[in-house]
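Pasting a structure here, questions to come.
Just so it is clear, A, B, C, D and E label the chains in written order, and each chain counts residues from 1 on its own.
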């Protein structure tokens, strides 16, 4: 039997895969961050589906927390991009390896 | 197959396809716009899953706020379109992709059989059992917003308060990072 | 023949929800589409009166002038036949997409407004709110939040300095006032205890305040009302908050490279949004489609002897729609009046008002209202 | 009335005051700072009164559990330590003293500190101190008490070093802190042992768990707990051998000396012993040790007080000596009189310190009694209240010190753990007390004025009155003095001896303090009477006799002091010359500090040096210098993994996710 | 009997209709209007003078700061809406909880204000 939450979980898996591919194969930090947003959205979808699956509100509440975290991530991440672009005039991820071991 | 299931599947497939489109865009603005479309589709899916408040918040916060920041940054920096480099896929990455496609297909067939729903039942996960425990829903299922609120403000009280600290830290951090050298760049406007 | 009629009746009966819903949507669409041309005419006439001119009064229908009411139709036809070109430096796709976005969003957003309480057709009760979600008027907020993109995209895709700056300014302004807007309506949510606009309207009509005032939101939380009206002006980029398209500084802001029908689509969206937000204000603060001192149920009982049961609800709904439109029209008048009365803010003043005054006042209002309502209800 | 909430409020209001003053009101006007600080003590005082005359008077024990503080698995069960507050008749007395005397001293300090800059810091510390002291007193278990115990130590350190720009003050603060840490170690050990023995640290639960049988089976453990508690007491209550910090602590502002180093903090040892009396009485060894230490401290400190010339130093040694009396009282089993003396001492010693502060304030920070004299004409209120304080402390019949001290001395002879020798030590200390207090009072307030008029320009350049006319201080300083003087007169009647009670025709079985504290001390009494057959072996005639003896000694010594110092501060020189060596030894405070320096501190320094040489230099620096080479070898391999490219890190995420989903499939 | 359909369906219908209207208007105008392009018409409008430089230049960071503050306060508003619908049930507990939440954010807001991030001058 095909149910909505289960399908939703599968879609969230696929979205996550695509998002992860985006983060891995794009060189531009901006695109990487956009892909991270896809990842977070996939996670949100999974949470909402889990909420529906178990009949509780936990998933939806956690989804709001994820949303808040995503907002903070976007705020700080984009601030960093702006700062980086100012100093390095580049937002290529490969140019940023000062933390190389 | 009823209407909501059909639209759910159509929306889901569209979202996945669009995400594929998104990660291959050259222009950041195009990518951001496609992402907004994906988020709107997801909001619709939330609605079909009867998470009404989540659907509204998805649009208000994600599509209407977070993406605005992305669009602003893209427009502020006015980045040129990026040259895509497809040649960079190594053998290891090829294997990864192959494996993930395999797993995706496998999972798809499993989902088609409805293994999760039955699996949860066999694992004895009862419906309506909150992970945080303690709180019992006291509103009818149609009162989605009140149920979410009850769960958040009773079960997840501390997480809720902590979020405020997170947001405060993000506000301060973003201002510190972005405004750091703005004195020298004040003429950039 | 009779069989096919029966089949139609059968179809209508089983799919009454779908049919009614399409009907409601069509009604709302018609209203939204009429707002823009009529408002353009009203603005021109009103401006003329304020400036002691005559304004457009010539175009009439079939030889009747009708105060120039034919003008909107003529305008539409003119716009349709204007040359439609795309500047060569523009990003073609987004340049075309940008005006469609606000128009679509405006037309979709208006569906969230309750046009009346309900009508009864062949035993089926039909709620007269085209889109009635569990999340209530947050739907309107969601739509209004998406409105930013049309403006931003228009500015960006035109690839023109004025347009880009104008687009960014307009979107920054819209998001700045969205916070105060959300916070302004918060007290109303906990006063009425619901997000549902129908529920809010019902709460406003079921009793009298101090025994003589209608129990309207404007009396319950006047500061919220003032805040909301101000943010409404800013959200719709209307004067005195219209400097994104300020002619003097930015030629016409994000609209500079647009012409013909694309240009009018922006205004279609803008006026639809104006109507939507005015109607939202009406529903939250001014009792919506309800006639003051005469609740809908009472109206229906009054009308029933005259029209019999079911048609009475239809007449009542029509009266309600009329009342709603009258109330909204008052707001529209206010919009126009403000446009030709108030000077424009400077941009820094505008942002300052939004962040340094509106936001704290909205927060303070929230706290004070929470305490007042808390003391009145919880002790 | 909600007494639980009131109890929590008593504790939290001073904390609120401290936070307000410390963070929000830093730039507020002085008036605001002082009012906030004083109100933050005065409101709890009102609440304390309500509690005192309400449920506590009715014999109830009010308890409130604020939250579960510590919860750890322990011995198969759970060790739950709630942040619980409780007020019974014992803590109620201390509550009133702390908040009552505390508010008076806050009021006084507002005026006393009027020439200082940035007093918000002072008042924030002071409020924080009161908060700590209250949690010490109100804690329902040893951990909460320990929180307060440490808290008062910290506040004391901060306040002693309040004028930290002067190195001596900072050193005094550190000395107090270190001496207190040694004592705290004892308290900690006692706490650990009681967890081990009883599985709880809650006083009431320990009391319930401690049966005679258990005590008999674990006698060494009980004695160890008692001795460890005693170590804690010697630290906090300045007993031999850890008393050395208290005289130096006088470096702090005088209101601090009055509140912390006389009235409240130093008495917390007495409180703790009374609180744990049910346990202490099980160990004869511990009780005897306590009594002996108390008696020795009383006499020892009193002898040092005889020759000091700094007004605050005299009072400091007097405090140590009086604390010795209280410890003696506890040690001989007369806990209730220890508490009674604690109370009366809080009144008259606070009075004396505040009086001294008033003098110092008027004299612009002159503390040497040889440069004073005849001040009573210029500062009548300060003078006469100081005289009342002196009379109270030397045990002039009818004043508060007389009753509480005599009861302790009587019990030192007759109490369950008493011995005539202990009485003798105590009586000697009392004699010395009479001498040095009368000497102090006479030299400061009577006789010829020896005030140097020339000295006046250090540190007060901004003052625009050029001749430093000494005059009485404003009402904010004298009002506390008067109230405390009144309390010093009447405060002793709670512990009126039997003999006098009978003579006066008061037909009560016990005096007020014994009656009041009987619920707290019931179990201790039971144990003591079981161990010694009959409670006390005294009689009315013995009581009268001892009373008469100590009064006589007091009168003789006071007269001796008066006759000696009639001629001025040089009056004692003849005797000093006669016993030359001994005099100098006492003047150098028995050279105890030097002893510690030589016996403990120097060897410790040597050990530290050794550790530095072998531990730091050879071992740690060796590891630091040599280690990186090894680490470098490892990391050079690992660093290739860490490419700095986000993409490569994400591959791990990717693999993990795919693996997880594959696991679901299988 | 109340006619019930999925509440999201009308949005879809409205969306399609609105798209038809807006798209139709665009296409109609495209089809009906004359086509007489010339270089001056297609050029960037810059008040009649030839365009100087390009529009693709970097803009003030203040727009970004505004947007940042907007998302964070937007999140706050959404959380507060959750509280507002349950105002009656959460009672004073909820008010206190939200008061703490708002107070924390006000701290951040005051910081931003003091830092001058909202000064457009």
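By our rule, a residue touches a chain if its C-beta (ideal position, glycine included) is under 8 Å from a C-beta of that chain, and two chains touch if they have at least 3 such contacts.
Quantities reported herein were computed from a predicted structural model and do not represent experimental measurements.
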Subject >> Starting at chain C, fewest touch steps before arriving at chain D >> reply: 2
Subject >> A-E or A-D - the one linked by more C-beta pairs in contact >> reply: A-D
**OP:** Look at all chain centres (mean of CA atoms) and spot the one farthest from the centre of chain B.
**Re:** D
**OP:** Average the CA atoms of each chain to get its centre, and name the chain whose centre is farthest from that of chain E.
**Re:** D
Original post:
Rounded to the nearest whole Å, what is the centre-to-centre distance of chain A and chain C, using the mean of the C-alpha atoms as each centre?
Top reply: 34
Subject >> Where chain C and chain E are represented by their mean Cα positions, the distance between them in whole Å >> reply: 16
Original post:
Between chain D and chain E, what is the gap in Å from one C-alpha centre to the other?
Top reply: 64
Original post:
For chain B and chain C, what's the span in angstrom between their mean Cα positions?
Top reply: 30
Subject >> Multi-partner residues of chain C (each touching 2 or more other chains) >> reply: 133-134, 138, 164, 168, 172, 175, 178, 195
**OP:** Could you list the positions in chain B whose residues touch two or more of the other chains?
**Re:** 4, 47-48, 53, 57, 60-61, 64-66, 68-69, 72-73, 75-77, 93, 100, 107, 145, 148, 150, 152, 163, 167, 169-171, 174-175, 178, 185
Original post:
Residues of chain D touching 2+ other chains?
Top reply: 651, 654, 661
Subject >> Pairwise chain contacts under the document criterion >> reply: A-B, A-D, A-E, B-C, B-D, B-E, C-E
Original post:
Can you name the residues of chain B that touch chain C in the complex?
Top reply: 27, 29-30, 33, 36, 40, 43, 47, 52-53, 55-57, 59-60, 63-65, 68, 71-72, 75-76, 142-145
**OP:** Could you please specify the touching residues of chain A with respect to chain E in the complex?
**Re:** 64, 67-68, 71-72, 74-75, 78-79, 82
**OP:** Under the touch definition given earlier, write down the residues of chain E that touch chain A in their complex.
**Re:** 61, 64, 68, 71-72, 74-75, 78-79, 82
Original post:
Considering the complex alone, what residue numbers of chain A touch chain B?
Top reply: 1-11, 13-15, 17-19, 21-22, 24-28, 30-31, 33-35, 37-38, 41, 44-45, 48-49, 51-58, 60-61, 63-65, 67-72, 74-76, 78-83, 85-86, 91
Original post:
Along chain B, where are the residues that touch chain A in the complex?
Top reply: 4-5, 8-9, 12-13, 15-16, 19-20, 22-23, 25, 28, 31-32, 35, 38-39, 42, 45-46, 48-51, 53-54, 57-58, 61-62, 65-67, 69-70, 73-74, 76-77, 79, 82, 85, 88-89, 93, 97, 100, 104, 107-108, 111-112, 114, 116-117, 120, 125, 127-132, 137, 147-148, 150-152, 155-156, 159, 163, 166-167, 169-171, 173-175, 177-178, 180-181, 185
